[in-house]
Amino acid sequence: MSHQMLIAILLLSPLVGFILNGVRFRSSNYLLAGSIATGAVAVSFACAIALFMQLVGLPPEQRRLTVSFFEWISVGSFKVNAGFVVDQISAIMILIITGVGSLIHLFSIGYMHHDKGVTKYFAYLNFFLFNMLILVLGDSLLTMFVGWEGVGLCSYLLIGFWFNDSAKAAAGMKAFITNRIGDAAFIIGMFILFMTFGTLNMHELNGLAPTIMESSWLGAVTLGTLMLFIGATGKSAQIPLYVWLPDAMAGPTPVSALIHAATMVTAGVYMIVRLNPLFVVAPNTMMVIAIVGAATAVLAATIGLTQTDIKKVLAYSTVSQLGYMFLAVGVGAFGAGMFHLMTHAFFKALMFLGSGSVIHAMHEEQDIRKMGGLKKYLPITHFTFVLGWLAIIGMPPFAGFFSKDEILWFAYSSPRGHILLWIAGAIGATLTAFYMTRLMALTFWGSSRVDKSVHPHESPLVMTIPLMVLGLLSVIGGWVGIPHVISEFVGHIPNFWEHWLEPLITKLPEASQVAHSATEEWALMGVSVSLASISALAAFIMYTKKAGAADKVANAFGPVYKLVDNKYYVDEAYFGVIINPLVSASRDLWHYVDVNVIDKATYKITDLVRGGGSFVRSLQNGNMQQYAMYVVLGVVIALSYMLVG
Amino acid sequence: MPSTSFLTDISINHYLILSAILFSIGMAGVLLRRNIIVLFMSIELMLNAVNISFVTFSHYFDKVDGQVMVFFVMTIAAAEAAVGLALAVSIFKRFKEVNIRFFEHLKG
Amino acid sequence: MPLGGVIFITVFIAIFGYILIRLARLTGGQAKKTSQAKFDIYECGIPVQEKKDTKISVKFYLTAILFILFDIEIIFMYPWAVNFRNFIASGAGLFVFTSMFIFLAIFIFGLWWEIKSKALEWD
Amino acid sequence: MTSMGSTSFEITINLIKLVLVFLMMVQAVPILVWLERRGSAFIQNRFGPNRVGPLGLLQLLADAVKFLTKEDFAPEKGNRFMFYAAPVFALIPAAIAYMAVPMSVPLKLDGHTFLIQGFEINVGIVFILGISSLAAYTILMAGWGSGSKFSLMGAMRASAQIISYELALGLSIVGVILLYGTFNLTEMVNMQQGPLTFSMFGYTVTSSYLPNWGIFYQPVGMILFFAATFAESNRLPFDLAEGEAELVAGFHTEYGGFKMLMFFIGEYGHMMIASGLMTTFFFGGYGIPGISFQEMHQIGLNLLGTETLASIFNTVVHFLSYNLKFAIFLWIFIHVRWTLPRFRYDQLMDLGWKTMLPWALANTMLTAVVIFAASYFTI
Amino acid sequence: MTADVFIFWFLAILTIVSALSVVLMTNPIYSALSLAMTMVSVAAIFVTLQAYFLAGVQLIVYAGAVMVLFVMVLMLFDLKNELQAFSRGKFTGAIKVGAVGILAGLIVGAVGSFIMAGKSGAPVTPEASTSADATKALSEHLFFNHVFGFEALGVLLLVIAVGTVALSRSKGGTHAKH
């Protein structure tokens, strides 16, 4: 099949699934709905594999399959096609999206089977995938933006899926509004780029990217990329717009796995990697990205230390890991960012699904203080969760180790890196190891604190198979990008990842001033792994062996603990500094300006219009033929004018 | 003005004038008749006049789009007649009235 | 198209029919009014029963409307059908095939709905 | 008017030909009436038409005398103009539509070519459908012009029936059009010559003894088409328009004498169109199985010597072939009339809308799929 | 005068006369039958313009379907001659007639001015194309350039089919008869 056909099927298959499920959204036949949705995504996955194969078959510099279905907008010089492109970056993305997506769909059949709105759920899920694929494949920023908004909408719909609970509905709205702020910046960024380059096609933009560094803060590229980055912070939950993601855990757990861990939230990183030639020439933007990423990684990790909701812990961990990805792209390690994006998609989806399995087993209980000792009830879930845990804390040879280590190494060694960024990353890694171990300990190990009325049970096969597949991927997923130092050590295993992405990644123009030796890399690797191991061990002891040790530590830190436990009062600060003043200012405007000035003026205009209207009304007497006569008279006058004039 | 050539050389203008006359007759029907069904018929007449123009242009400029347009116009005219007559029948069944002026009473 | 021939034969048949009717009147003669009943319309042996407005079922016009709509859909198939092989030969077969089948799906849905909603029931 | 001939001689011949075809159609009616009566007499053991003269032929004469001596009558309540215009109008669509059916190979005389066909029209099918759809007016005019409620109801029923079956008719033809890829009837006939040849997936299968007739490709379409034409011509078992028990005689309740005869001509005209189209679409038209037009011409040349005579021979033989097939279908029309009972009106409408229309749709889709698949996937 | 010219004038006069009788006949059934006549002659005019397929469609759709519907509905209503076929009001009536007259005059004048200006001195004579080619071109345009319109019309027809059935079922509005 031609690649045009494959791309069309890839895109349309989830849409067809959405329509099929959407028209019968009242049905509660979970098996049918789930089969349709899963089948649709599986078809997409097959197409994605076929496309990937075609891409592999091409010589590296020609690996770019494009298709343009129709001309979407054509206004003057502004032309946008409904064009889609599969190249090295987007091929990986569609593989992740459809592959992980189909596993999560499969999982959902088991997870959602008792829900009344199951058909609606699957319809949303398919629609999300459709939009995500548009986002990923779109060949221009505008096409991407369509998907960008579409996934935002689906995210809103799915977070507020149980909208009868007002807290969950509010979480959906919070996500939506927070995203809007970012989207506004994204649009402004598009304007700036279009004004500068006259196109929104990403391939052309990359080609047009200037070769000279832009050192000014007010340069067009810097401003445009900065704006795009602000858009990315909204979608990818970075400081300052990360607040929606923890709340987004109100949605069904598979949704958290698919949207809020594996795919949608990584859109920001993807966008930056896509446009890397532009970002490279704006070092200031890169610096901002790196700092924001590092700060987010640490900040979210600290908040994760104190959370007690199993999904909130994972949510902050996601924010933190996304911070790592931004750190990576901020220091120019785009490949490493993408690499971590992929491994993170595996192990975080795995952990979310695992937590879903736990929640399912615990009958909707999410508080880890009421768990413990689940290991013997949920053997498969526990085993796969352990794989995810090892991957996220960066234990070699699990997937997370390679990607995280590569990021840390680049944070240190890259010309745009800095030792401080490395330190922040290492602290983040240490904290990650700690809170993830804490999560494991409180949930699976130690003594059981499970309520007597709850009888945990292992989930059905339809839920555990995705866990096992993702578990396997969490182990081997990192082996495609083994760093040079290790590969030289164990025998020459090529770094597939780097080779694959090479044609699309722009090299940083600054030559590295300091030559970094392999010893340095080994040392840094050893430091970060051992820090993580130590902190994991500490957490293990603290939460399983020595009961009460955790409280002692908390008391010792007192006010700091309280600050972290309340998530640094960020939500409250946003309310106090932005939202409340905005509301009261609006109220004042309404009371004084609106009532006295605007309303009065409009009333006057209304009176005028009403007076005119009562005159015109006499013409509109309901006599259709009279109306027709006016039309004819109008035509006569217009025609006479044209003939005479 | 009507020279012999006007009578013997049939050109695009003849068809257009014919179309214009038909259109005007239909327009007069719409403006003057009071039976709602005759009004519909007059509208059909106007549409036919337009169709003649379309086909004429299509023929003389060798573009098929005009004919496709006529195809569409016919479809839409038929659809319009169907709905219009269904409405007229509904109203006739209830009020025994087809006068266009009566329909004024139906306004909100 | 032999338009002249069509017009010619139409006029010819009209004249032919007119002459035939005239001829029949000549041979048979104009009907003589021997009684009023002879010139009344047919009724089964009783005085003519006729109400002010003859009730005719609305079904007839509904059938006619539905006929128009489906007829147009069928007419749309004609240019498609006559050119289908050419489309295939020129490589556009799949596109035209698909677009017509979408159209047919709409058609079938309409027909199915009409049957389901009992719009076509005569009692 | 160029296509009516290039010289005044050709034009004159062609116009005369039109009149001849029309008169032939009119003349066929007495024969058909006789056939119908004799047939019914044999089928249903009726005696009348068997007794009058040799073979009952004098019955025709008796009918003619009766038609001619009838008083000319119009009901007072009706609309005189409509009442008289309707029967005249009944002749026109039937006659004109029939003239588009090709009846034999063209006659070649001294460099002139004469079609044995009223007029050759490239969009033949569309033309015939369009013209014969005008027949509904005749019925409505007659029904309304009579001023009788029986007539009006009969007219309503008849026209509703005609238009309902026009859908199935039109749709069953789509399969035929898909098959031949043309609207032109002569081209269709030419495509049906030679042995049966299926071409699928790049393979070609030729049958040695079956002709290449449309019926082998469109059996369902043939049945649907034939059934729909029965309803179109208001013949039993679809003659609900004149269900005696309910409507006396339908839209021609008030008619008699010559005016009645004209309706008959119209009805038989529709029968003839149907038979002609059946022959043309599905049974090879005027072609003779096993012998091509050229071969027949060659036989004529061997027998008679000159080109002109051979051409005449060729034309006549194929004309007879056409008429043989044509007569078989006419006889089926008559046979069915005297063997099948009448439908109830709701059954009639159900058959049209709920049975034949879906089947015709399925036939169309199947034909399209097969044609598409056969030429798209070549093995 | 060649046959083609004669046919054009014959058809033009037939069309205009039957169109006029649509508007002027007081009995709506006569109007409807005149309109059917107009449709048939318009179909013939299409033939003179070599739009053969469209002529057939015009016959099938307009003359054979739409106008049958009109006639059926009128017979269903069984309206006798209307007491007052035309709208009341001498003043507006005069305006309407005047407006239509001026419109007709303007259009004819506009076209005529082209004749006077001699812009049609060399009448555009398209290449004679066989009708098979014309239908082929028509279908190609219909299914390539206008395929969206084609599908949209399918949906439109569906909507109307559903709508008319719903309308015919309705027992009347919510308001009482005054």
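Letters A, B, C, D and E name the chains as they come in the text, with residue numbers starting at 1 for each one.
Heads up, the rule we're going with is that a residue touches a chain if its C-beta (ideal position, glycine included) is under 8 Å from a C-beta of that chain, and two chains touch if they have at least 3 such contacts.
A quick note: this is a predicted structure, and the numbers were derived from the prediction, not measured.
Asker: Chains touching chain C and chain E alike, please list them.
Answerer: Both chain C and chain E are touched by B, D, going by the contact rule given at the top.
Asker: Following contacts chain by chain, what is the lowest number of steps it takes to reach chain C starting at chain B?
Answerer: Minimum number of steps from chain B to chain C: 1.
Asker: Tell me which chain's centre, taken as the mean of its C-alpha atoms, is farthest from chain A.
Answerer: When every chain centre is compared against chain A, the largest gap points to D.
Asker: Between C-D and A-B, which chain pair is linked by the larger number of C-beta contacts?
Answerer: It is C-D, judged by the count of C-beta pairs in contact.
Asker: So what's the Cα centroid distance for chain A and chain B, whole Å?
Answerer: Chain centres of chain A and chain B, defined by C-alpha means, are spaced 57 Å apart.
Asker: For chain A and chain C, what's the span in angstrom between their mean Cα positions?
Answerer: 62
Asker: Averaging over Cα atoms per chain, report the distance between chain B and chain E in Å.
Answerer: Once rounded, the distance between the two centres reads 4 Å.
Asker: Round to the nearest whole Å and give the separation of the Cα centres of chain D and chain E.
Answerer: 30
Asker: Of all residues in chain C, which are in touch with two or more distinct other chains?
Answerer: Residues 1, 3-4, 6, 54, 56, 58, 60-61, 64-65, 67-72, 75-76, 78, 82-83, 86, 100, 107, 114.
Asker: Two or more other chains touching the same residue: where does that happen in chain A?
Answerer: Touching at least two other chains: 625, 629, 632.
Asker: Pull out every residue in chain B that's touching 2 or more other chains.
Answerer: 27, 31-32, 71, 74-75, 78-79, 81-82, 85-86, 89, 93, 100-101
Asker: Applying that definition of touch, give me each pair of chains that meets it.
Answerer: Every pair of chains meeting the touch criterion: A-B, A-E, B-C, B-E, C-D, C-E, D-E.
Asker: For chain D, which residues count as touching chain E in their complex?
Answerer: 1-2, 121-123, 126-127, 129-131, 133-134, 136-137, 140-141, 143-144, 152, 155-156, 159-160, 163, 166, 170, 182-184
Asker: Where on chain D is chain C touching in the complex?
Answerer: 1, 3-4, 14-15, 18-19, 22, 67-78, 84, 87-89, 91-92, 95-96, 99, 118-123, 126-127, 146-153, 156-157, 159-160, 163-164, 166-167, 170-171, 174-175, 177-178, 181-183, 248, 253-254, 257-259, 262, 345-346, 349-350, 353-354, 357-358, 361, 364-365, 368, 371-372, 375-376
Asker: In the complex formed with chain B, which residues of chain E make contact?
Answerer: It is residues 1-2, 4-5, 8-9, 12, 15-16, 19-20, 22-23, 28, 31-32, 35, 38-39, 42, 45-46, 49-51, 53-54, 57-58, 61-62, 65-66, 69-70, 73-74, 76-77, 79, 82, 84-88, 93, 96-97, 99-101, 103-104, 107-108, 111-112, 114-116, 120, 123-124, 126-127, 134, 137-138, 140-142, 145-146, 149, 153, 156-157, 160, 163-164, 167-168, 170, 172-173, 177-178 of chain E that touch chain B.
Asker: So in the complex, which bits of chain A are touching chain E?
Answerer: Going by the criterion above, the answer is residues 625-626, 629, 632-633, 635-636, 639-640, 643.
Asker: Spell out the residues on chain E that touch chain D in their complex, using ranges where they run on.
Answerer: So the residues of chain E in touch with chain D come to 2-4, 7, 29, 33, 36, 40, 43, 52-53, 55-60, 63-65, 67-68, 71-72, 75-76, 130-132, 135.
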